[in-house]
Every structure is written in structure tokens, then in C-alpha cells.
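Chain naming follows the written order as A, B and C, and within any one chain the residues start at number 1.
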Amino acid sequence: MPDSLDAWQLIITGDAALYTIVRLSLAVSLSAVAIAVVVGLPLGAMLALTRFRGRTALIVLLNCFMGLPPVVVGLTVFLLLSRSGPLGVLGILFTPLAMIIAQALLVVPIIAALTRQTVEDLWREYRDELTALNVGPAGRMATLLWDSRFSLITALLAGFGRAAAEVGTVMIVGGNIDGFTRTMTTAIALETSKGNLPLAMGLGLLLIALILVINGAAWAVRAWSEEKAG
Amino acid sequence: MLNRRLFSALAAVALLSFGSVAAIAQDRSIVVASTTSTQDSGLFDYLLPIFKAKTGIDVKVIAQGTGQALDMARRGDADLVFVHAKEQELKFLEEGFGVKRFDVMYNDFVLIGPKRDPAGVKGTTDITAAFDTIRIKKAPFVSRGDKSGTNSAELKLWKESGVDIDMAKGAWYRDIGQGMGAALNTAGAMNAYVLSDRGTWLSFKNRGDLEIVVEGDKRLFNQYGVMLVNPEKFPTVKADLGQSFIDYLVSAEGQKAIANYQIDGQQLFFPNASRDPS
Amino acid sequence: MRDLSSDLPVTFQSVALCAGATKILDRLSLTITPGAPTFIVGPNGSGKTSLLRLCMGLVGPTEGSVSWGGRDAVGPGRLAMLFQRPVMLRRSVAANVTYGLKQAGLPRSLRKARMEEALARVGLLELAARPARRLSGGEQQRVALARALAREPELLLLDEPTANLDPAAARSVEEIVLMAAQSGIKVVMASHDLGQVRRLAGEVMFLVRGRLCERAGAADFFDRPSTPEAAAFIRGDLVI
């Protein structure tokens, strides 16, 4: 099987094109998760700690958005960013930035919903103590987020997994442009359509390996810090 | 402590990717809406580095079916279209979305089918007769069904065979709504016939039991054309850079490069540009 | 961190607390003033915990009013409360104590010394770097005490802090509470351990079904209970 040999050769020798693809995949998905952290953690904590009209509806909506179909998100972002769309003047369709935005939209609900659940559970335990210690609203939020950090790592991984594994949005808003917006998943889709199944499979295994490494690293960080903080 | 470090790491990653976006945005680049056949056949992988070395212009190819590619240009999301469905292209010009259309090259369509040939059309040269036989025998047939150039050609051939495919279609006719590669993969998996452009077929790796069963009919001719998207409709179109890519494609040098692209000693595309727009 | 006005006395004026249709506390009028430790005793469900939570301002009364030093709001940092099950933040012992100091507004530069002093007082200085949640129940309760005492409260409320502890751990918590009381902090503690009440209490408030049934000096309460319910309770009979 010369093709599967090719695939392994690409991976082992660190082929430049492959390196670009892997780097872009990681940069896009990690950036999306970073944005989702900045938006999703405070949003989730806010939902856990405050009571207002429509809160339950918002939570149901958020939980539902965890399963948002990537293709629909992709199409929506595409129509927004298209030259004929409302944000067309930005000229960022078919760029990594568009892919980051689309993936962030997929990841924010996951991180916000899981954060809300985690923080709300912990709040039940901490409520009396934090009130007794006179902790204000901002301090409560910060304390609960920090003390949920081990569970939140899992939420981040879930978000990263969704971002790194999905192909629908990045294909639509990125355009799978060689060397520019081609990610691991769109490259796999492309190689599959070329009938180059061994290379597609090789890329697939590499993607799984990368996700495994990141999960392993996160698990190690979690175990290490849990050992330290209890 | 830990969260500060984690945060700065995440911030660095975010900056890195935003930075690379900004850096590339300043580059000289054009977006070409093209077809899966030109990408899947590997032509662009061969041609674009040569063009880039000559002009310094990055060509970003979005590969879709011809219909989708034209729609993308209608929204102003491309600088150039490089497709293969002349009727659709002329309509695009009439609507005022394109400036001029230039022939660039041609190849041909081939009918692909399983080696055991359930419809018994192998080796014939009359494509419409072959289509009619497939319909009568209800042999499995995979259609792209995606308004692509190949799909347009297929529908035209059914019409020329005297078959009203909307009436005749049944379980034997699988309309999959996907690209050329996916159609070939599907045909391979269900021992079906499928119309393909020769370039994609030659570069396709997962052939399994498939082979060419009908080729050479002049109705299988497949012309590719290129058009600049009208900058009067969309001021964001990079007319100068786009025009230089068109100029290159129809130049003697570009035509020679297209002719030189081969897979396993077979030429995939045959240049036939004229400097006059059609 | 302490302003000039005091949160004492804490005054309840015909306070009632309801949860749905159930009256947990009823027509409660009392005053808590500086002095020897006050112990709240009574059968399960008599409202001991609710009384402490009202004192702490964690809940508001359904009827009547609670005031602190004549004001109707709690002053930050001057009240502290220990719960039956200590709540340990997911951080080190030292960080748990400094967290309390930070929330009380103590400048960063002073926190470390104050934290070490507080941990030394409860005998846990050598465990400062350990994760708080890995400690035993008794040690956790002492960390909670250190966290509360480091804030130099005026009033320390304790809700059966030794209920889940073995006798040795309970004894070391008692010693710390006694030390705090001797340093001038007003201690109000709920307990169902009459031996503990005899050892520590200056006065006793006896609750039955949400009502203050009897309030007396500890010696008087045990030697000459003035109500039949209190007498039965001290004998260990069932009081409903």
C-alpha cells in the first residue's frame, strides 16, 4: 500500500504542508476555546448566581445550543460574513478568523452550560460560608469559578473536542483553501473525496492522536493541581 | 497562579492566530471560486505554485460544484470563477455578474461503471444509447445532484437520450447531492454507473471495481472557462490581480503549463484558450 | 478592619421565621450581649440552627426584626459563623485562611502574618500547605475556626461544630472556642451535648418548638430548671 506509506511518511517526516494544517487546526480550535472561555465562564457563572425573568428559558436555550448543528452555525456565519451580508465589509469570509468565530459560537454554549451547572452545584455547598464571609457578587463568581476549576477543565476539553472534530462550519466559512484555511478535518474530507482513503485515515489517526495528547495533558494538569489543592 | 499562566497561554494562542490572519490579509491574494474537478484532479496543486513564483500572487481556491461556485460569486465572495458549465456561465454573464468569459481548456467526461457491467454498455461509443440502456435495465446510477458542471452535463445527456429523468428515476437512480469524489466513492461501493470528468477519474485513488465503460463521444466534451467577477457590482473584487491570473491562464506560458500536467503519463486537460472572450 | 460602632447587642424583637406553612421560630424576643458564652440547647427541630442563621443575617425574619448594635444591617467582618459541616475551599489550608482575610479587606501585606498566627492558635501551622479538603473532620473544623478567628470577630456563632467529631477532635475544638471566649469574643453556640454545655456555657437558652422556653445562667439551668420541659430535657427524657 504505497498510499498508507505516504501517509506515515508525511506524519513522521513532519511534512511542511501537513505542519501548516495541524498548526492551523490547533490555532483555530484553541482560539475558539479561548474566546469561549472569556465569554462562557462569566456567562455560565452569572446564570448560576443570579435570578431574573427569563433565566430558565435562557438556560434551556443554552443547553439546547450545546447540540447546535455545525452546518447551521456555519451557514449562518457564512451569510453574515458574505460580501452581500450585513458584516460583508469586514472581508473576513474564508479566513481563519471566520473559522474561529464560527467555532467559538459552537463552543460558547457548551462551556457556558457546563459552567452554569458546575457553579450552581458548588454554590449550593458554598452559599452559607461565602455569605458568612461577606463575599460580594464579583468575589463569589471568581471564587466559585476558581474552585470549580477541575470540573471546568473537563468543560474546556468538551469544547475543544467539539471544535477540533467538527468539519461542517470550517468547511463552509473557511472554504478549505490549501495552505490557508485547510484544517485536519477538511483535509480528511478532501482526501476522502479524492478516494485517497489511506491518507485520509492517516490524517484521521493523527487528529485523534493530537486530541488524545491534549486530553492527556489536561488530565495530568488536573491530577497535579488536584493533588496540590485537594 | 496557575490560571494566570493558563490564561496567558490561551491569550498567546489567540494573538498568534489573529496575527497570522492579519499578516496574510495584507498579502497579494485572490479568491477563485472553482470546481471540485479542478481541485480533486490536482491541477491547482500543480499550477498555482508556478503562478505564485512568477507573480507573487496567492490564489485561494474554494472548490465547489459549478452552480455553487457561481452563486458564491453572485454574493461577491470571489474575485474569479473558473468552472465548466457554459450555459450557466453565460447566464451569469447576462445577469451582469461577470465581466468577460474566456475559454481556458477542456477535457472530457467519461462514463464509469463496474467491471462486470450489468447494463452491458462497455466499449460502446454512443453515450446517449448507453444512458438509455442503463435506464431500461434499471442498472444503479449515481448522480451528483448538486447543480455542478458534471451534473448539468449528465442532465443534458439524459435529455438528449430522450429520457425524462424526473419521470424515469427510481430506486436505481441515486441522487446524492455531493462532489465528484463522493459520487465516485458511492458508485464504487454500490457497483453503480456514474458520469465523471476524466481528470478527477485519473487522479481518483479508491477505484475498487470501477473502470471507464464509455468514452470518446463528442457529446462528452467538457469545456472550462474563466470569468472575472464584475467589480462594478462588487467594489471589493481585486480586478487587477484577478485579471493577471486570467491573462496567465490564457497566455502561451499558462497554456503550456496546463498541457504539461499529467498523471501516470496521461494528460488531464487540453488547453484551447483564445484571447477573445466568448 | 473594625470600625467604631459595634454589632452587639444583637436584638430580636418578636421574631418569627416560617418555611412555607411551618413556623420554625415564633415570637422570639431576646438580646445577645457581650459576656460569657451563650449556649442554645433544645431538642432536634427546635430552631437552634435557624436562630443562629438569623443572628448571622443569612436569613431575614418573616415577622419582627433583628438588629445589630441598634442597626438593621450586619457590619462586615465582625460576625463569624461555623457550620456543623465545615466548608473548605478547594485550596490549601493557608489559602483558606487568607481568603477570609482578603474578604474582610485586610491589606495583602498583613495577611500572611495574620494567617500564620491564626493557624498557630488552632495548632495547624505545620499543615498550612496541605489541601484543606484532605484534612480530617476535626482538622477541617479547626481550619474553619482559624479562618473565622483571623478576622477578629466580635461575635462567633457556632452551629453544633463538634456534632460529627470524635471526642478528642471535639475536645480540641472546645479548647479553641474557650480560648476565643476568654479573649473577649462573644460566643453563641448551639449544642446537643449537655456535657459540653456544662463545660463551656456561661448561660443557656433552651428552645422548644421555636419558642424560647427558658433562659438562665448555666449553673441555674442545670441545678434549678424553672420549667418542666427543661427539667425533662436535662434528665434525658423525650421533650416534644
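Note that a residue touches a chain if its C-beta (ideal position, glycine included) is under 8 Å from a C-beta of that chain, and two chains touch if they have at least 3 such contacts.
Since the model is a prediction, treat every value here as computed from it, not as a measurement.
Visitor: What graph shape do the protein chains here make by touch: line, ring, star, complete or other?
Guide: line
Visitor: Specify the chain with the shortest distance from its C-alpha centroid to the centroid of every protein C-alpha atom present.
Guide: A
Visitor: Which chain is most remote from subunit A in terms of Cα centres?
Guide: C
Visitor: Can you check how far apart subunit B and subunit C are, centre to centre, with Cα atoms defining each centre and the answer in Å?
Guide: Distance between chain centres, rounded to whole Å: 78 Å.
Visitor: Between subunit A and subunit B, what distance separates the C-alpha centroids? Give it in angstrom.
Guide: It comes to 32 Å between the two C-alpha centres.
Visitor: What whole-Å value do you get for the distance between subunit A and subunit C if each is reduced to the mean of its CA atoms?
Guide: 46
Visitor: When you check subunit A against every other chain, which residues touch at least two of them?
Guide: 149
Visitor: Inside the complex, what are the residues of subunit C that reach subunit A?
Guide: The contact residues of subunit C facing subunit A are 53, 56, 58, 76-77, 79-81, 83, 87-92, 99-100, 103-104, 130-134, 147.
Visitor: Name, in rising order, each residue of subunit B that touches subunit A in their complex.
Guide: 2-3, 10-11, 13-14, 16-18, 20-21, 24-25, 31, 36, 39-40, 44-45, 48, 58, 60-63, 75-77, 178-182, 184-185, 188, 203-207, 234, 236
Visitor: Can you tell me which positions in subunit A touch subunit B when the two form their complex?
Guide: Subunit A reaches subunit B through residues 3, 26-28, 30-31, 33-35, 37, 82-85, 88, 91-97, 100, 146, 149, 175-178, 180-181, 190, 192-197, 225.
Visitor: Residue numbers of subunit A touching subunit C in their complex, please.
Guide: For subunit A paired with subunit C, touching residues are 125-126, 128-129, 131-135, 139, 143, 147, 149-150, 227-230.
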